[in-house]
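Multiple structures follow.
In the two complexes below, chain A is the common chain; its partner is chain B in one and chain C in the other.
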Partner chain A sequence: MTTDNRLEALREAVAAALADVEGVIALRRTPYGDVAPYLFTDSTEVANLVLEPRYPVPDTLQVIQMAHPEARLGIVLRGCEERGLVETAKHNQVNLNNVRAIGLNCTAEDAEFCRCARPYVGVWVTESVGERVEGVGDARVEAFLALPQEDRLSFWQGVFSHCIKCYACRNICPQCFCEHCALEQDIWVEQGVIPPPFPSFHAVRALHTLGKCVGCRECELACPAEIPLTTLYSLLRRDVQAMFGYETGMDLEATPPFLARLEV
Partner chain B sequence: MHYENVLTTCPYCGVGCGVHLQVLDGQVIGVLPANSHPLSEGSLCVKGWNANAFIYHPDRLTAPLIREGDEFREATWDEALSLVAEKLGHVKATHGPDAIGVLTSAKCTNEENYLVQKFARAVIGTNNVDHCARL
Partner chain C sequence: MVSETFEPRIVGFLCNWCSYGGADAAGTARLKYPPNLRIVRVMCSGRVSQELVLRAFREGADGVLVLGCHIGDCHYQDGNHRTSKRMPILRNLLGYLGVHPDRLRLEWVSSAESTRFRDVVTEFTQTVRALGPSELRRVREREVVA
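Our next item is the complex of A and B:
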């Protein structure tokens, strides 16, 4: 299926969904030529629907649902975004019961660009556009693992020394939703220092993604210092799976290991 | 129910990064970087990420203030600009045009900065023009 066919198929699917939902969240090209998330409410607008560049559309679902909890909404989701919503739903940030999702399977080029092992939907999304292609390995993770143990700390010190503390990684992250962020509290991270203290700033952020991060790469794409955050979070995700048998984003029913349930 | 992103330029410095203002039901609720912007290419600094913070801030000035003694009172733009023109005219008549200096801003567009230096040179008659980027 060519890009044009995927795009046309997606526009048709969104236009059809608008008969069933109040609006569909997807990317729109504006009259000024830029692209951003948008709530499509009229099927005549879908001619402006586009596939890229990527934006965290699940965040848009969160903010619209906060203001309109009863609204029946549609959303176009890539595989990583679908899996991310599994975790945000479990942490009560979105309600998927009233959501109609249209999956958008990624192309082989997308998968290569994102070093994505699973460039397709299918965990809870049943309707999708685009042929499913196989995932690829993560060469950056492999390269890091090839480093001798004694060089690994200096590798992270090196890349994090470029941090300008813009909080883009936290702001763009669909899994970051705390009202009071530990990164802004002196007891966890010394304030007023750039680059922020190593490793506290980055370790706090990394640990707060545990059991939630699905590796969507929004943080890495938003980072002005091109810090390879996904490499770090991929390894933590691997450890969570090894230690707790929990694979993020893959099961709507499985209990996340760090979500305390006050049950007797 | 209406949600869209409105493309604009970050108001904080002279770089001019592209930001999207997220607008939900007519209220600005946040910022997203403009990923296809030719200059910033989806990057923002901490100021750009908070470019919407002052919009509804209670301390934001929404009308000109004129100081009378120790107090400020709200005024119309016509009254405020007339007062400024009168006072600048007085300084120029008494002490000459070089008694006046003009500070421009990185927050302004090129066109606005052009206009303000033109105002200094052609209207007031001084070359005392400077810019906050020298600080």
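Our next item is the complex of A and C:
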């Protein structure tokens, strides 16, 4: 199925959903030609709905719900965004009870580009547009693991040395919602140093994605220095699954490991 | 220039209720253990955040030892439950960053286990001594020179 088919099907699905909800959050091409998240409330507007470029719309859901907690909203979600919302919901940032989600399954090219293992919805979203394609493995993670142990430090030093500390990775991250960010505290990350002190900045950020990061790759796409951030986060996500049996974003009920007691 | 004998700097975060008591008991009993350990008393091993451990490494520690109450004995019910999850994953992160994971160790030591305290510290000091100066310490020294 081509992108165009998906787009038409999605516009129809959004227009149909508008009969049920007060508004649907999706990407819209503005009259000025750029693309931004938008709350579609009228079915005549859906002609401006677009799929690209990608932007994490779950943040918009959070913002609207803060102002209107009772509103019944719709939202268009990719597979990664759906799984990310599972985690934000567990951390009480959004309420999914009153949300009608329209899934948008990614194409094989998207999956290839994102090195995505699960480019489709289906954890809690039942309605979806586009054919489900199989996921792909992450060759970068495998390539990293093939590095000898003594080369790892210089590998990260090399890529982190390009960091200009713009905080784009944190700002775009749908899972970063703390009001007081540890990355801005001198005690954990010395301030006023560029590139940020190795490895504090990136290690602290990696630790704060634990049990929350679903690997949506927004940080990596936003990074102007092209740091392979998700290689580190994917490794840790894999470890969280191996150690605690917790697959991030895949279960609405399971308690995140770092919020749960041990079972003794 | 390489010194003939490398003496590791080890930071120990000891929980007030169990492990610090254990260390105290070891002192009272005149048990001998290596002097490389710099002890920081914390109210609970659950207070030892991963950032704190990273900071210790960043400041030049060659090893970090976190000691807490045995599971089930925590003064705050489940503080050590949190530590028991944080430290293993932090070890993995250190490994990915190129720092030997064995530089971080989490052990449970009760206030009655003075000999266990001695054994853990002795053994950990030997481990870190064998590993040599911390990989991050070398990075830091280069940064200061630059």
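In this text, the second predicted complex is superposed on the first by the 259 of 264 C-alpha atoms of A that agree within 3 Å, B and C clash if a C-alpha of one lies under 4 Å from a C-alpha of the other, contacts with A are read in each partner's own complex, and residues count from 1 in each chain.
The rule is short, and it goes like this: a contact is a pair of C-beta atoms (placed from the backbone, for glycine too) under 8 Å apart; a residue touches a chain by one contact, two chains touch by 3 or more.
All values derive from a computational prediction rather than experimental measurement.
Visitor: Where does A:38 make contact in the superposed view: on chain B (first), on chain C (second), on both, or on neither?
Guide: A:38 contacts chain B only, not chain C.
Visitor: In the superposed arrangement, which partner chain does A:234 touch: chain B (first), chain C (second), both, or neither?
Guide: In the superposed model, A:234 contacts neither chain B nor chain C.
Visitor: Classify the contacts of A:209 with the two partner chains as first (chain B alone), second (chain C alone), both, or neither.
Guide: Touch partners of A:209: none, neither chain B nor chain C.
Visitor: If you stack the two complexes on chain A, which partner ends up touching A:198: first (chain B), second (chain C), both, or neither?
Guide: After superposition on chain A, A:198 lies in contact with chain C alone.
Visitor: Once the structures are superposed on A, label A:257 by its partner contacts, choosing first (chain B), second (chain C), both or neither.
Guide: In the superposed model, A:257 contacts chain C only, not chain B.
Visitor: Given the touch rule stated above, what does A:105 touch, chain B (first), chain C (second), both, or neither?
Guide: neither
Visitor: Let me test your reading of the model: by the given contact rule, A:155 touches which partner, first (chain B), second (chain C), both or neither?
Guide: It touches chain C, and chain B stays clear.
Visitor: Contacts for A:182 in the overlay, against chain B (first) and chain C (second): which applies, first, second, both or neither?
Guide: Only chain C; A:182 stays clear of chain B.
Visitor: Have a look at where A:243 lands relative to chain B and chain C in the superposition and call it first, second, both or neither.
Guide: Only chain C is touched by A:243; chain B is not.
Visitor: Of all residues in chain A, which touch chain B in the complex?
Guide: Of all residues in chain A, those touching chain B are 22-23, 25, 28, 30, 32-39, 41, 53-55, 60, 63-64, 67-68, 71, 164-168, 171-172, 221-224.
Visitor: Inside the complex, what are the residues of chain C that reach chain A?
Guide: Checking each residue of chain C against chain A gives 50-51, 54-55, 58, 71-72, 78, 81-82, 84-86, 88-90, 92-93, 95-100, 135-136, 139, 143.
Visitor: So in the complex, which bits of chain B are touching chain A?
Guide: Residues in contact with chain A: 1-5, 7, 18, 20, 22, 24-25, 29-30, 32-37, 42-46, 48-49.
Visitor: Would you mind writing out the residues of chain A in touch with chain C in their complex?
Guide: Per the stated touch rule, the residues are 144, 149-157, 182, 187-188, 197-200, 203-204, 206-207, 210, 232, 235-236, 239-240, 243-244, 257-258, 261-262, 264.
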